[in-house]
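Next come two complexes, and both contain chain A; in the first it sits with chain B, in the second with chain C.
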Partner chain A sequence: MNKFLLILFFVMFVNTNLSSEDNFEKGLRIAKESYESTRGYVDSESDQLMILVDPKGNEVIREISGKTLENDDPNDGDKSIIFFNKPKDVEGTVMLSHTHVNDDDDQWLYLPALGRVKRISSSNKSGSFMGSEIAFEDFSGNDYRKYEWEFIGEEEYDGEICYKLVSIPKYKNSGYTKRIGFTDKLLRPRMIEYFDRKGELLKTLYFEDYQLYNDKIWNADTFRVVNHQNKNKTIYKWINRELNVGINKKDFEKSSLLRLAD
Partner chain B sequence: MNFEAIIEKYTVSILDHRIKTLIAILLLVLVATAGARFLEAPSGYRGFVESGQPNYQDILNLEEKYGMIDTLSFVIKPNNGDIFQKDVIQLIHELTEVSWQTPFSSRVSSLTNFQYTTVDGDDINISDFISDTDLMDENSLQELKSLALQERTIVNFILSESARVSFVNISLDVPEDTGFEDPIEFANEQKAYFNAKYPDVFVTVAGSAMYSNNFQTTARSDATSMYPGFLALIIILSYILLRSITASAISLIVIFLSILPSMGMAGWLGFEAQPPLIIAPILILTIALAHAIHILSIALTNMNEGMDKKKSIVESMKINFTPVFLTSFTTAVGVAGVNFGKIPAFSEMANTVVIGSTFSFILSVTILPIIFMLMPIKTDGKSSVVLNALSKLGDLIYRFKLYIITFIGLASLLLINLIPNLYFDDDFDSYFDRVDDWVEVKNIVNDEFGSSFFIFANLSSEETDGITSPEYLKKIDEFARWLETQDEVVTVTTVSDIIKTLNKNMNGGNNEFYSIPDNKPLNAQYLLMYEFSVPYGMDLKNQMTADKSESRLLIRLNMATSKESIEFNERTDEWIRNNLQGYQTDGVVGIPIMMPYVYQENTNGLMRGLLFSFSFIVIVIGITLRSLKLGLISIVPNVVPFILSYGILAIFTNIVTFSHTLSILVSLGLVVDATIHFLSKYKKAESLNLNASDAIQYCFKYVGFPIIVASICLFSGFAFLLQSSFQTNFILGGMCALIILIALIIDLFLLPALLLMFRRRNVV
Partner chain C sequence: MIYIKILNFALIVNFIFSFNVNALEYKLYGLVQPEFSIFTNGDGKHHQSKNNYSFFTKGNFISYLDERDAKITISAIARYDEKDSERRYIDFQKLKYEQYFENYTFKIGNEIIFWGVNESFNIIDIINQSNLAEDMTGTKKLGQPLLSLAYDNNYGTIDLYLMPYFIERKFPSKNGRPRLALEVDQNSITYESSSKEQKLDFALRYSMVYDDYDIGIAHFHGNNRAPQLNINPSTLKFNPHYTTLSQTSLDIQATKGAWLYKLEALSAKDGNERHLGVAGGFEYTFYGIRDSQSDLGLVIEYSFDDRNSNPFNNDSVAALRWTKNDINSTSLLAGMFIDMRGNSNRFIAEYEQRINNNVKLFIDATFNGSIDSQDFTYAFDEDSVFSIKLARYF
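Up next is the complex of A and B:
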């Protein structure tokens, strides 16, 4: 009898010890590990293709190329430059962004037809990216610092057992109230459902075409977004992505925009 | 075997197999009634349009590109002063935030979240017009006011010119087959909350979704407010008229068993519970009641004269079978003419009445005699007062037949002269003018904004990214400015306004640059910049297509009647033909443009329906009475009531709406009923070789009373519709009541007079 109690006590003790990490902490840990597994890329360069599909299946194509620079500052976001190639009328337009974790980003736009650089307004993170179903805030959606996390279990998704994580945005102007996502055991996000301000399912982002870059970083080369409310779809592809290519950090300053545009 | 013998045999046989018959009929009723749960919730104004209607197709095409056109709007009006007071702006700010939580909302636009462009050197800031409400003082409020009133996309869209009323507009994207209940319930909760929190500000809900939802709420309130009273009236009437509790009970059983399966069948057929459907039970009730009264009153008269119970009912069936069948049939045919119209909600009502008419016939010739046999009947001898009066009336008519004909003929001629003053028109905004809450909102909105309705015009450049071309932008701007010169239009906004504002602000806020640049890439880059600057839900997807080949104008309309709207639409189409070659457009699109055409097509359809129903009925009467003479005579009492009632209408108004037209079709079948009953008795009298005066007396004795009874029931039924909060039901009820009343007078006076006059020549 005493022996049994002892075992019971032992089991209970070990169990509480193991679960001393609660679901919030576990969620945060997975999100953080997932985010950190994509870090250390230094910088990157790629061509990007965006296809907007309306409910009738009509397609519109946008072509972009981009550069990003990893920010070493653990309290700040990365920097990026986007060059617009298509549609023809916006060819040569360049956008520079200095992203911030939970504050408004800084953004500058060079308009070739005007020949000037303009700093554009700030609280637009929740806005649509070039008329697509993707918002600015979705591109950095893997940044664990932007959300409150909760692990709510493990579930099979697309043939693999995944962590199911709920994340609630900290950014006050976010377009979402909640996200529910699946992250696989390689710490790669596979799918995220977005809930809008009225708490209804707005859209689903599927992470597809995962590639292992430089033998250490998994990047999804396709984002496929399905909007459940307006029935539009967006497919966003990264082509010719290269990491750690040695881009001049000065390129990511406002003063370089005019030079880069030529 | 002649027909009467067949009926006798039939009646005796169902009375011998009463249990089997009862069970069979009740099963039929039960199965049909079970469909009631499938009655669909009304889809608002959309239930008034056929899916193939061209203007509706334009709306659907537009919605495919830009999302649903329906909106819900909070109307905000401070009791004193204008909108630019700190607490009012705070209210708008809070209301805007909370409006994003409206179920099925896709966008919220208000004074506070209006995307306002400011410029500071090379910083272009596009952000909420008012974001910090705490720091506002009198000066900043006055500044905001003057800025807001300069903004053409604010004035008359979210702020009235007087600045006394403001809107928070919520665009809805409700899935198909889902009503607006959820968003409206949410809005009403907010309305209550904000009215309590800010007692000095009046907050209410308007918008096309609210308008649409009125169809549902009036249908419900009509049903609850009218049915119980009507039922009580019918119980009282049937008792007074039949003088027998049992007989009244029998009538009620037949009535209920007619109504329930009809509504059930409406459910099986997938009809919507729109306000017009509320009329169906009342019509079915009166039809069933009329049948029951005709059959029962003669059976009771027979019993009073000493016949045994079974023989009384069999004899009554012999006399009544044909007229009951005929009246059911003609009522059905008359009402079925409504199907020639173009409004599904009314066709569904009509078809339900057709079904009800069928059921009431079946029940009157099966269950009614059986129950009559099963229940104890006590007769206290019918009051002879009515019969004496009718007999005196017969004498009077015999003596004054020429005067009667002359008088009614002259009255008809006089009133016919007034009818040309009538013209068709309609005002769909007046549908709910009998709903006080709605009228209050409507008055505020119409006074301050012209009307609560928007319309749209889509203009396609027919090439990808074509909307940024200077030619396109200048054309759409020209179109917008032309529209604004029209009386029917309050204000218009287009993508050219955005480009002009941006161009001005990109050039240091200089007003000289408030124009469209002659540079397509620049326009495209402006739009790109704009799109990158606006937050969630404030993008341009409601104004332009994803490939930027098409954009739409948003137009705020003034109040206009159907006629004016149609003229405006035609004028616009002509302007488009002359000025917009090379661009594709459906012209102006929206509910206020569509509804007038629906009415017009509907009225034309109803006219054809009337012709169909009327000729059909005359032929049917002629054939069944086997007399060309009676067939021709029957036209008079069936036409004169309509001429007289339209003439009377012309004394009071010149406008005929489609509900007036509808009233002819609805009442035609009922007016005819009385004539059929009268003429079939008259024919019987002729076959008995009664002389002229006696033949009329015979008719009055056997059908005078039931005709009066049935007419009183019908009249009260329609008069009850005057309580409806749905304008169309109100007009329909009033017109039908008038027609029935006149028809009764005609049937009692003119018809016998005519019969007397035409009989003389035939008698040797």
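Up next is the complex of A and C:
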């Protein structure tokens, strides 16, 4: 009898413990699992096409290509190189970034007109990327370590039941006060609404064209951003994306910039 | 018969085309740029024309070989100028072959190498010769023939340069505007070194990144890039004299959030005289000013040189850089150069914006305020100018 009570008590205790995961812990767990499902890519290479659309429907094209290197250190960010191809006046420009989770990144820019590598300030993570509606900080927006999370329920989005998550940036120079997003049951972010420093709705990012890479990693090959304030749109497409290609790690150091630059 | 010729031609074209596309990985791009200048002080000190047009072009060809372990780069610039014959030239800025090994890079040919961190006072930058016909501040360079070997590991990079041939400084001709007080006689050049332009110059540089710091230590020995200009009493022209220079330098940039701190220092033996130079300053950027996408950067730099003869012995610059971060990459740089010794000042403004994906507009202005008559820039104190440039990229 005592034994039975003990088991009953134990079961009740464990049950309470499980259901005691509060909405903050649940939000963090989903965000962490979502982030971790995109890890293990080792390195990647891709061409990227960006279409900037103004409220009148005028379109401008940007073309870049990029390489990224996953950081083995779980407490640090990834490294990336971006080669600018279009517009033509920035052709030959190369940007190297060593990203950090909640600190400024290290960034160097090779400027072909000056034949010079400059270390640049990166405390403008909230700044526009090439005149688009995408900010530098949006590219690493799936890194759960950069936000405080809260799960606020399940809702149908685009025909699927999704987790609805609120995330608040930890980074002091973030351009946002809050994000509200939907993550589906395959742990893929589907849509995020961004609120500016005044707390007003700024833009919505839609994650589209999900592809399963190397049989294990889902990547959205299109980011579509609609800015609700200035009415501009940006469509960002990844083309020819390949993961785990075996890029030399040294390519991601400052000393290789001149070699990789045209 | 004619059909066979056409067929042959088609085959050859096809062969060349497929060779280019399949066997040779290459890129070709550049720009053509008409320019127009209006001088605001009439005919000026040297009785020159109020207007000038000029045409600038740049072409780059880059090809990778050997599974990207080798690279050929050709980068040539050319200018045609209406008035100044010294501004009619072609220069191979880069004409080089590079071979990459695991930790080594070998390079041969013409190259542009920049040393330093400052925006304005690039006092330690010494490998390339300045082209003053292009720009009186000396920031525009000429390609330098060299052999170089670089070694890098986790502790930094060591670059060794051997420069077997010297490139003379280019000055504007007497029809150039702005120009120096007297014409430079490029046929009466003398050297301290008996090997003259054949002197083998060498340079060594160690550079590294440590946390927020980018650090470089370098030594150069060779013909000084800046000649002494001595007046020849019989021709009343400047005769350039190139001394032998040994220069040891240090450059550091600290990147702390929106602040950049910069320092360049050198100790050099020029001919028989030793001198010291220090230049540095800071850059601060206000991001997203007034809740817009615009950034406003402030740059302040100061240059000291212990030679009284040096034009930058006690000079400073303060500039504001506004970047709109819009679709057209609109930006405006406005600055003021002050000679703290002679109370000379000069104002510059540089505006640029993209017109479309392939065309960019530049508007530059230089205004000479009060210029001390002892200052070498006194020669062009009546050469305040507006320039419009339209670059078409291909």
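The rule we apply is simple: the second predicted complex is superposed on the first by the 244 of 262 C-alpha atoms of A that agree within 3 Å, B and C clash if a C-alpha of one lies under 4 Å from a C-alpha of the other, contacts with A are read in each partner's own complex, and residues count from 1 in each chain.
The rule is simple: a residue touches a chain if its C-beta (ideal position, glycine included) is under 8 Å from a C-beta of that chain, and two chains touch if they have at least 3 such contacts.
The structure displayed is predicted, hence computed values, not measured ones.
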Using the superposition on chain A, tell me whether chain B and chain C clash or fit.
clash
Of the two partner chains, chain B (first) and chain C (second), which one does A:104 touch, if any: first, second, both, or neither?
second
Go through the superposed model and pick first if A:259 touches only chain B, second if only chain C, both, or neither.
second
For A:180 in the superposed arrangement: first (chain B), second (chain C), both or neither?
neither
Does the superposition put A:89 against chain B (first), chain C (second), both, or neither?
both
Of the partners chain B and chain C, which touch A:197 in the superposed model: first, second, both, neither?
both
Considering only the touch criterion stated at the top, classify A:131 as touching first (chain B), second (chain C), both, or neither.
both
Who does A:51 touch here: chain B (first), chain C (second), both, or neither?
neither
Output check: A:119 vs chain B and chain C. Expected answer is one of first, second, both, neither. What do you get?
both
Spot which of chain B and chain C makes contact with more residues of chain A, would you?
B
Partner chain(s) touched by A:229 [first = chain B, second = chain C, both, neither]:
first
Same chain A residues contacting chain B and chain C, which ones?
52, 54, 60, 87-91, 112, 114, 116-117, 119-121, 123-124, 126-128, 131, 173, 175, 197-198
Touch list for chain A against partner chain C, complex
52, 54, 60-61, 86-92, 104, 106, 112, 114-117, 119-121, 123-124, 126-128, 131, 173, 175, 197-198, 250, 253-255, 259, 262
Where on chain A does chain B make contact in their complex?
52, 54-56, 58, 60, 84, 87-91, 93, 95, 107, 109, 111-114, 116-128, 130-131, 135, 173-175, 196-200, 229-230, 232
Please output the residues of chain B touching chain A within their complex, sorted ascending.
64, 67, 100-103, 105-106, 122-128, 173, 464-465, 468, 506, 519-526, 528-529, 531-541, 545-548
Quick check: in the complex, which residue numbers of chain C touch chain A?
27, 29, 31, 60, 62, 71, 73, 93, 98, 100, 105, 112-114, 117, 141, 150, 152, 156-157, 207, 209, 212, 214, 253, 255, 257-260, 283, 285, 287-288, 291, 293, 295, 325-329, 354, 357-358, 360, 391, 393-394
